Amino acid sequence: MSVILDARGLCKSFGAVTAAAEVNAAIEKDSVVGLIGTNGAGKTTFINMITGYLKPDRGTIQYEGRDITPLPPREITRLGICRSFQIPQLYPSLSVRENMMVGIGIVLRNAGRGGFFSRGHALVPGHEAPAEDVAERILARFGLADYAGRNAQVLPGGVRKLLDIALTMVARPRVLLLDEPTSGVSSQEKFGIMQMVLDAVRAEGATVLFVEHDMEVVSRFAARVLAFYDGRIIADAAPSVALADPEVRRHVVGRLKAAHA
Amino acid sequence: MRRDRTLVILAVSFVALAAGGPWLPQWAMFIVTIAIAQGLVALGLMLLLRAGLVSFGQALFYCLGAYAAGALGRFVGISDIFVEMLVGGALAAFTAFILGFLLARYRGIFFGLLSLALSMILYGLLVKNEALGSTDGFNILASTLVGVRPRPDWVRYAVLVSAAAVALIAALLVHRYLNTPLGRLAPAIKDNEIRVEYMGASARRAVHVKYVIAAALAGVGGALAATAVGHIDPEMAYWTTSGEFIFITILAGTGSVVAPFVGALIYGAIHTTAYDLSPNTWQMSLGAALLALIVFLPEGLWSLFTRHVRHS
Amino acid sequence: MKIVNVTHGSFYAIGAYAAASLTAAWLAQGYPPFGSYAVLVLAAIVVGAPFAIAIERVILRTMYARDEVVILLVTYALFLILEDVIKLIWGVNPYFIAEPYALLGSFEVAGMAYPTYNLVLVAAALVFGGGLAWVLHSTRAGKLLLAVIHDPEVSRAMGVNVGRYYLATFTLGSLLAALAGAFTAPTVSVVPGLGVDVIVLSFAVVVIGGLGSLPGAALGALIVGVVRSLSVHYMPQVELFVIYFVMAVVLAVRPRGLFSLAEPRRI
């Protein structure tokens, strides 16, 4: 399997806080990787560095052999790496459909279509359909069709999460980084949501990295686990192996205590 | 269909002005022309406001446009109104293009105050400049239209129709722009710039473009106002002038490209009435009117019109 | 308070006018001229406070939930209204009260006569600035005020009477503006439009210093004052706008001003 994303020697500090210390991770194409770790372990910083929001103090990030370390988020998105956020980043004053349309509009414009001098309905690259249809399609795929006209501000938490993820699908990503896709969702719904998301995403043939705190979800959906602690990766293996690792047990998962009588 | 309605309104207004113009008294023609000039500036402000940016310094470009028009007459002998507007708009656009590299990086109050600072710099430069008349400014040549010099009593009408034509074109172009992906990016930039960046667009570039467009509109408006008034002075770059434009934009609301012009007309009416009723307290009346607007009609006057026509 | 307050300029003018008219009355009555300093201060406070309280309670209070641009426009509207209110109360003729200024005479510095009154101004600035800093950082009320400004919702949830703090903040700020006007009154002729130039300059000062930073504002004021004086002396043709130029330069180098507060993490 070829490596699509390769992080080498990433280091990042904020004053006295070390968010990343020599982080190395080679992500293979079409894999599904789970990122686990307690809060503050460096998972989101890792995603922020890959997507260009933060620049590492040292280290490089290669995407399909190309160095993307200095690029800003918009360039990295255009190259095919998209992400969702821990706290959903939406456009609160716009409706769900309008949220999608803004994103689709950007994709159109980046492809040079639908601008000032164009006529008629431009086709969205990658989907080869007019913008409105693409929006409907993606919203339906995520079960958001009923919310299409609602204002993003008034959406319930789980729906906001889904919209946030749906927005990442607009640009047809090759690599998708999901930051806590099931947080704020009840434990019964987590599996359903994760399945829906992965089905929608994998249908496009994307490599997925997701941050998750629920170890059952991780075991079920990830083929590989990266465990973070204190800015370092302390385990990099299949879920069954990683979750049994004593270091991971101590710092991330917790040890099973004997049941009370 | 909202799009068609805008086109219809614009076209009808133009025809009405052109046809009914000759019957208007001179002072009315003057007021409408000034309203169109101010409306152009407000149109540009509306573009920026949709992206969440308030420029307190559009007077900079308004003044540049005016002085360009004046300079054309004074130093080159050109008095053609279309050339004046073109040059005014171009000079303003060019200046905005340069300044935009700095300004497009800022948001909120910093954007506002920086734009203000830039307009005050122009004010200071002009006041100290003897060649351009310093605080007195100078007069502008009577307008000609594509080489034709209208009879003295037809000048105002000629200016009015030219203004209306330019406004029509400008409004149509802006309307079209607002329906492009870049144009529709404005509320997104206002709401969540991080999301915009992460979707693959440069908010800074979009703001830069809008700033240049707004400047061009203000420059054309300034040139137009200059020819209508017949005189230019540095006061056109003072922050209180920018304040007037902002007043008009808020009055109008951001609902349609027609709104700024309607807003400018109403502002002119309020201003004139307030001044006639009580010349010593016209500022108070204006302030009270603005306050009342903000409290009771936060979306601007245009929202009155669209309230019945809500589409799902 | 996270509002840009154009009305601040009006309070400067109100302070100047109040000081001028009341000091003139004081001196006309034949009271001791040295008492005029107290009159200056009292006039600013006594006249400024009712205006501030009225404005905050009646108008501003209903606007806090709105967009910051809207609040700015509200203060702009109030500024327009107050400009004419001032004219109605005090008329359009200039007021001169040179006595507090002249009384102190001047002293020699490097071969030039320097008015002693200016030292009073500097001293006043230090006292009030220092006093404000002390109140904000060392008293319980001051610290609560900082908390309220930072996050009114959390403060409210903790039982702080946010409305009262907003009133106090606005009044305090406006009174400071009034005092500034009062102290400046003896050095200029008090005319309509006094507030107009000042307000834009003070925004420049605050922006240069960094929003929300007291030491920044002090530094900003110092920079503005020095630059202005230098330009009047060496390059008078740029005097009018040099300060805006400085502001543009500062913002280009430090986008949030010289002393900017740390930004919390967004994502």
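When the chains are written out, they are named A, B and C in that same order, and each has its own residue count from 1.
Everything that follows uses one rule, which is that a contact is a pair of C-beta atoms (placed from the backbone, for glycine too) under 8 Å apart; a residue touches a chain by one contact, two chains touch by 3 or more.
Computed from a predicted model, the values in this text were never measured in an experiment.
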Exercise for review: Compute per-chain Cα centres, compare each with the mean of all protein Cα atoms, and return the closest chain.
Suggested key: B
**Study point:** Chain separated most widely from chain A, comparing mean CA positions
**Key:** C
Review point. Taking each chain's centre as the mean position of its Cα atoms, how many Å separate chain B from chain C?
Key: 32
Exercise for review: For chain A and chain B, let me know how many angstrom lie between their CA-based centres, rounded off.
Suggested key: 44
**Study point:** Euclidean distance of C-alpha centroids - chain A vs chain C, Å
**Key:** 49
Exercise for review: Identify all positions of chain A at which a residue touches two or more other chains, and write them in rising order.
Suggested key: 89
Practice item. Send over the residues of chain C in touch with two or more other chains. Key: 267
Exercise for review: Mind pulling the residue numbers of chain B that touch at least two other chains?
Suggested key: 194
Study note, to complete from the structure: Counting only contacts in the complex, chain C reaches chain A at residues 267
Practice item. Please name which positions on chain C make contact with chain B in the complex. Key: 4, 59, 62-63, 66, 68-70, 72-74, 76-85, 87-88, 196, 200, 203-204, 207, 211, 237-242, 244-245, 247-248, 251-252, 255-256, 266-267
Revision key, fill the gap. Residue positions on chain B within touch of chain A in the complex are 176-177, 180-182, 184-185, 187-188, 190-192, 194-202, 312
Check your understanding: For chain B, which residues count as touching chain C in their complex?
Key -> 54, 102, 105-106, 108-110, 112-114, 116-118, 120-125, 127-128, 194, 239-240, 243, 246-247, 250, 280-284, 286-288, 290-291, 294-295, 298
Point to revise | chain A residues touching chain B - in the complex, by the definition given at the top | key: 51, 72-74, 77-78, 82-83, 89-94, 101-103, 105-110, 114-116, 149, 167, 170-171
